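As written, the chains take the letters A, B, C and D, and residue 1 is the first residue of each chain.
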Amino acid sequence: MLKVNDINVFYGAIHAIKGVSFQVNKGEIVTLIGANGAGKSTVLKTISGLLRTKTGGINFLEENITSTAPHKIVERGLAHVPEGRRIFLQMTVQENLEMGAYTCPSGGVEAELEKVYAQFPRLMERRRQVAGTLSGGEQQMLAIGRSLMSHPKLLMLDEPSMGLAPILVEQIFSIIQEMNKAGTTILLVEQNAQMALSIADRAYVLETGAISISGTGKELSESDEIRKAYLGG
Amino acid sequence: MTFLSFLISGLSLGSVYAIIALGYTMVYGIAKMLNFAHGDVIMVGAYVCFFATTRWDLPPTVGVLLAMVVCTVLGVLIERLAYKPLRSASSLAVIITAIGVSYFLQNAAQLLWTSNPKVFTSVVGNSLIKLFDGRLTISVIAIITITACIVIMAALTWFTGKTKMGKAMRACSEDKGAAQLMGIDVNFTISVTFAIGSALAAIAGVLLCSAYPTLMPTTGAMPGIKAFTAAVFGGIGSIPGAMIGGLLLGIIEIFGKGYISTQLSDAIVFAVLIITLLVKPAGLLGKQTTEKV
Amino acid sequence: MKIMGKASRSKVITYGFVIAAFVIVQLLKSSGNISSSLQGQLVPICAYVVMAISLNLTVGVLGELSLGHAGFMSVGAFTGVVACISLESIIPFTILRMTVSIIIGAFSAGVAGTLIGIPVLRLEGDYLAIVTLAFGEIIKNITNCLYVGVDKAGLHVNFLTDATSLNLSEGGRVIIDGPMGISGITKLSTFTMGFALIMVTLFIVLNLIDSRSGRAIMALRDNRIAAESVGIHVTKYKLMAFATSAALAGAAGTLYAMNYSTIIASKFGFNTSILILVFVVLGGLGNIRGSIIAATVLTILPEMLRQFNNYRMVIYAIVLILIMLATNDDNLKGFLSNLRNRLLPSNLRKGKKGAENG
Amino acid sequence: MKKIFCVFISFVLIIGLMSGCGGSDSASSGDGNATGKNEEPVAVAFKLGGTGPLTGGAAIYGNAAKNGAQIAVEEINAQGGIQFELKYEDDEHDAEKAVNAYNKLKDWGIQISLGSVTSTPGVATSAETFSDRIFALTPSASATAVIEGKDNVYQMCFADPNQGSASAQYIVDKKLGTKIAVIYKNDDVYSKGIYNTFASKAKELNLEIVSTTTFTEDSQTDFSVQLANAKSNGADLIFLPMYYTPASLILQQAKSIGYAPKYFGVDGMDGILTLENFDTSLAEGVMLLTPFNADSTDERTVSFVKKYKELFNETPNQFAADGYDCVYAYKEALETAGCTPDMSAAEICEKMVEIFPDITFDGLTGEGVTWAATGEVSKSPKGMVIENGAYVGMD
């Protein structure tokens, strides 16, 4: 479904991503794990077009999207929940969700809204509230809900557990699994490697801008090396 | 009675500032840049309308529409050529570029249309309404200016609050990256904002010159700066703020002249601005954004 | 140790650069190889260089946008000239009188800067910018209503009236005549004085940047909250930079005013503030040497373009826009840096890096 | 990025210095020395230069004076005899730029100067011409400070104080009004200068000023307050010492509040009828003191106006006429003094200083014009009133 082929990304003179290649197949949950600053978010930003790769290419649904504009990529069914949620704090909850459906014809928006509200009843309660007044967990839900509005084929989540209480983290992860069961392919970036590996079909470990290890979620969570480095054991 | 007539003059002058300030504030909101060339787009709009109605004898409505079309194209063109390449540059670089554009427009206007002032024919005539046995006279243009200001503000509030494009603008002004991830074409949205701002500038130019009919290449410069002040006064980025800021600025200017001193009127306007900002650092209706560490 | 070495080397380069420019111009002058046009611009160039350096202190080093810098120049110009005229009989020796006047101009502009700075430096970003613009306009407006005369009894100051109500005694002289400003100034500014003022300015600014206070100021610019959290007194350091910048602008104002037989308050308006800001931005924020070069080039440039007559300002505007695009556009920037990488050996580039702040 | 800049800017600087020096080579020959002209086969024309605002907000005045002078130069050159070479440099109505422009003219080899068109630049350049010993006759820089203490700077126009007191005298003599309002521009040397003397003369003549209000460059659109003040104080005549652009706004806005006093203007008001698209009925009955009347029927004015319209597509104003007269006054003075183009600027200057107080000149802006040794002109201002969109003499 998604094929990342030998991408190299620079921030000015800093070589942030060094020849990263991986792929995500339809229906999978794939996770990218790694330490702070390993380049996980950069990879996602490059896929969604916010950053550009110098060499290599990105294919999505058999089409080359390496130099497609970000808003066009969204139209093709690739949604990205960015790090830090990035919801529109001065807009209401409902407006935020409507923004998520920006690329869809306005006819279907109502139905999508219903669906999201059904999945996140909290958002329904607060739909007229300004998003800035929501709690952290609610904001994360809103961010995920917003990305679902465009009915994506592939959903990329960047650190959805960041800054949340453990109970909320579990809730978020179960929502992710539900979405996957409903047919959405997931690419998950996490620092919470344990949680991520527990739900992932396959995983890649990113170290200083390059992929060091890859395997199934199970393999990696059992590997000693990973345990020492990322799972605190 | 003097008070009333000062109030009306103030509202009328303030309405012009407000319409210009609306353009400023919209562009600032989305592009986070002080578009110093905005005042000069006003001047271009007034010239276009002047030539349409005076030289080519077109009806005033056509003149206004033509001015809006030309300014819209000009605004979008300026944005594409001069500002878009600097989207990721420092805000100072953008300000200097905007100043360059402003110089360019003023001097190009002078080459094209000479610096000889032209007298603008009011698009709505110069009729007067007399009240209280003629002790209070209100010009029709003042009423139209005030009305136009209110209508434009209402329309903009509706547009940004209810339409898809308007919401996209608000999304872009808050977070361009996230807006892109929603599938919003940020560049297109910014262009649309410039188009709207410039069309408003054309209207402002026509109204400004209808009320104060001297037209020169420098006509837009000072109203531009005053409107910029008004936008900041009301809280830059806020649409109702721009309107309130503009109106208050006009009223303060006239009252300052009328009741304190004509010699010090400029100082009074700016002093009020400073005091307001010291009390409310983000302007009257501006939202105080807390800085993230 | 190494960093210090680099910084001081960079300082030496800057001083040397200015001295070399001065010597070259003096040589050209003495050999008669300089046009009247260029010669006439030497003092204003010096004044603008000082203005640019001082504004760079506010914009580049402190990181606050000021759109009213010409206001301080105005304060310095008017007080300096008033001082110079009033002191005519007391200090007959002109160089000393000029020096005293420049100090008085700098001092009063510094005081104005402090008074303005205390309330407004709490504001940030574009709000601070508009307040400085407002102060610039207020200074202009007030100077237009100011009447100052001198007679045997001393200085007479009047506001909002006219020159006749100063009630000067016989032999008194009206110095500031409201909107008519000051006329009949005896030209005392010379290129050498301008050069000396630049050197003093460089000495003050470079040492400030390189001092503990300077590092505190730059820390404020880069991250106010972080700087605050390590105990840097925000208002104190902001004010220090702002007032120094204002005082230097005042000195430049006196130098500038004493080069013309007349000055009026309207000269020091928004447009002049912008002109100086352009010098600073084109020269590079925080780059003192850049400010010097940009002020010089952009003062001479419009004169060089005179042959284009009325197209001059259009060309100037286009050049300005193109330079901004060329230096900030990512594509072009990448291209230029590639070119530079290929042309310059790497050790040379490293050497230049340390010079950034000089 | 900063470094690229420095490199770029250094290049510009080097080019600048080179061209600066290049310019100086050719300039130094024409500049100082008396025999500097001997490179050319025969020195035929006097190099006549002036500065004025050719761009910017005040460009109408600069261009008018320049165009007027140009017509005179063409006429004189066509006659044979004394020849002129005219060069105008732009000063943007700014003292600093004016000195730059003047220095440029020095590089060109200016021998006699037309000073500056407007007052503030005029004060700055006249100080330069004084110390360089180049004679200057300014068409329209009317501030007293322009000529004060300078033996070699003369004015073609009335000095501001003259206009102020003459206006007050005229109003009293002709009983034009009893309660006077004044609106002047408080950041303008010209406007304030006239106001000052008007006010003191009015006091002397017991002319009652009931309202004095001002405006500035930054606030010259809205006059509602100034007019309301005049109206509520019962002023029956408004004195407008200003240029015609703001005056046209005052006329229009007074009408829009239903206020119809008499108006009295000064020479800056001249030109109001030539404003493009101006409703001349607004100016009906406006009185002004001006030395020049474009509708005059005398032969020279008619021919001048015709030429001006042909060449520049506009009706000339007083500035144009002053520019024109300056050149002719120079012609007369140079002929009388027997100056030749091979003389140095300083030599010509001494001759001119000697001769100018003695000559009597007939021009478009006055008959029998004479000058005092101070540089001040003496010509009688003509009171004009606008009737049916044209000037009519009031005397």
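In the analysis below, contacts are C-beta pairs under 8 Å (C-beta built on N, C-alpha and C of every residue); 3 or more make two chains touch, one makes a residue touch a chain.
Everything numeric in this text was worked out from a predicted model, so none of it was measured.
Enquirer: Could you tell me which chains make contact with chain B and chain C both?
Expert: Shared contacts of chain B and chain C: D.
Enquirer: Of the other chains, whose C-alpha centre is the longest way from the centre of chain C?
Expert: If we average the C-alpha coordinates per chain, A ends up farthest from chain C.
Enquirer: In angstrom, rounded to a whole number, how far apart do the mean CA points of chain A and chain D lie?
Expert: Chain A and chain D have C-alpha centres separated by 72 Å.
Enquirer: Based only on mean CA positions, could you tell me how far chain A sits from chain B in angstrom?
Expert: Result: the chain centres lie 42 Å from each other.
Enquirer: How far is the middle of chain C from the middle of chain D, if each middle is the mean of its Cα atoms, in Å?
Expert: From the centre of chain C to the centre of chain D is 33 Å.
Enquirer: If you average the Cα atoms of chain A and of chain C to get two centres, how far apart are those centres in Å?
Expert: Centres of chain A and chain C (C-alpha means) sit 51 Å apart.
Enquirer: Of all the residues in chain B, which ones touch at least 2 other chains?
Expert: 107, 110, 263, 266
Enquirer: Find every residue in chain C that makes contact with two or more other chains and list them.
Expert: 137, 140-141, 144-145, 282, 285, 310, 313, 327-328
Enquirer: Residues of chain D that contact two or more other chains, please.
Expert: 55, 186, 216-218
Enquirer: For this entry, which pairs of chains touch?
Expert: Contact pairs between chains: A-B, B-C, B-D, C-D.
Enquirer: Looking at the complex, which residues from chain D come into contact with chain B?
Expert: Chain D reaches chain B through residues 55-57, 59-60, 63, 186, 213-219, 221-222, 224-226, 228-229, 232, 245-246, 248-249, 252-253, 255-258, 275-279, 314.
Enquirer: Applying the document's contact rule, which stretches of chain B touch chain C when the two form their complex?
Expert: Within the complex, chain B contacts chain C at residues 28, 34, 82, 85-86, 88-93, 95-97, 99-101, 103-104, 106-108, 110-111, 225, 228-229, 232, 236, 261, 263-264, 266-267, 270-271, 273-274, 277-278, 281-283, 291, 293.
Enquirer: Within the complex, which stretch of chain D touches chain C?
Expert: 1-6, 8-10, 12-13, 16, 19-21, 23-25, 27-28, 31, 54-55, 89-90, 94-96, 99-104, 106-107, 120, 123-124, 126-128, 131, 143, 145, 148-149, 185-189, 191-193, 196, 199-200, 216-218
Enquirer: In the complex, go through chain B and note every residue touching chain D.
Expert: My answer: residues 2, 5-6, 9, 13, 50, 54, 107, 110, 114-121, 126, 128, 130, 134, 137, 139, 208, 212-214, 216, 218, 222-223, 253-254, 257-258, 262-263, 265-266.
Enquirer: In their complex, what parts of chain C are in touch with chain D?
Expert: For chain C paired with chain D, touching residues are 28, 32-41, 44, 137, 140-141, 144-145, 162-164, 178-181, 183-184, 187, 260-267, 282-285, 287, 289-290, 293-294, 296-297, 300-301, 303-304, 306, 309-310, 312-313, 323, 326-328, 333, 336-337, 340, 352, 356.
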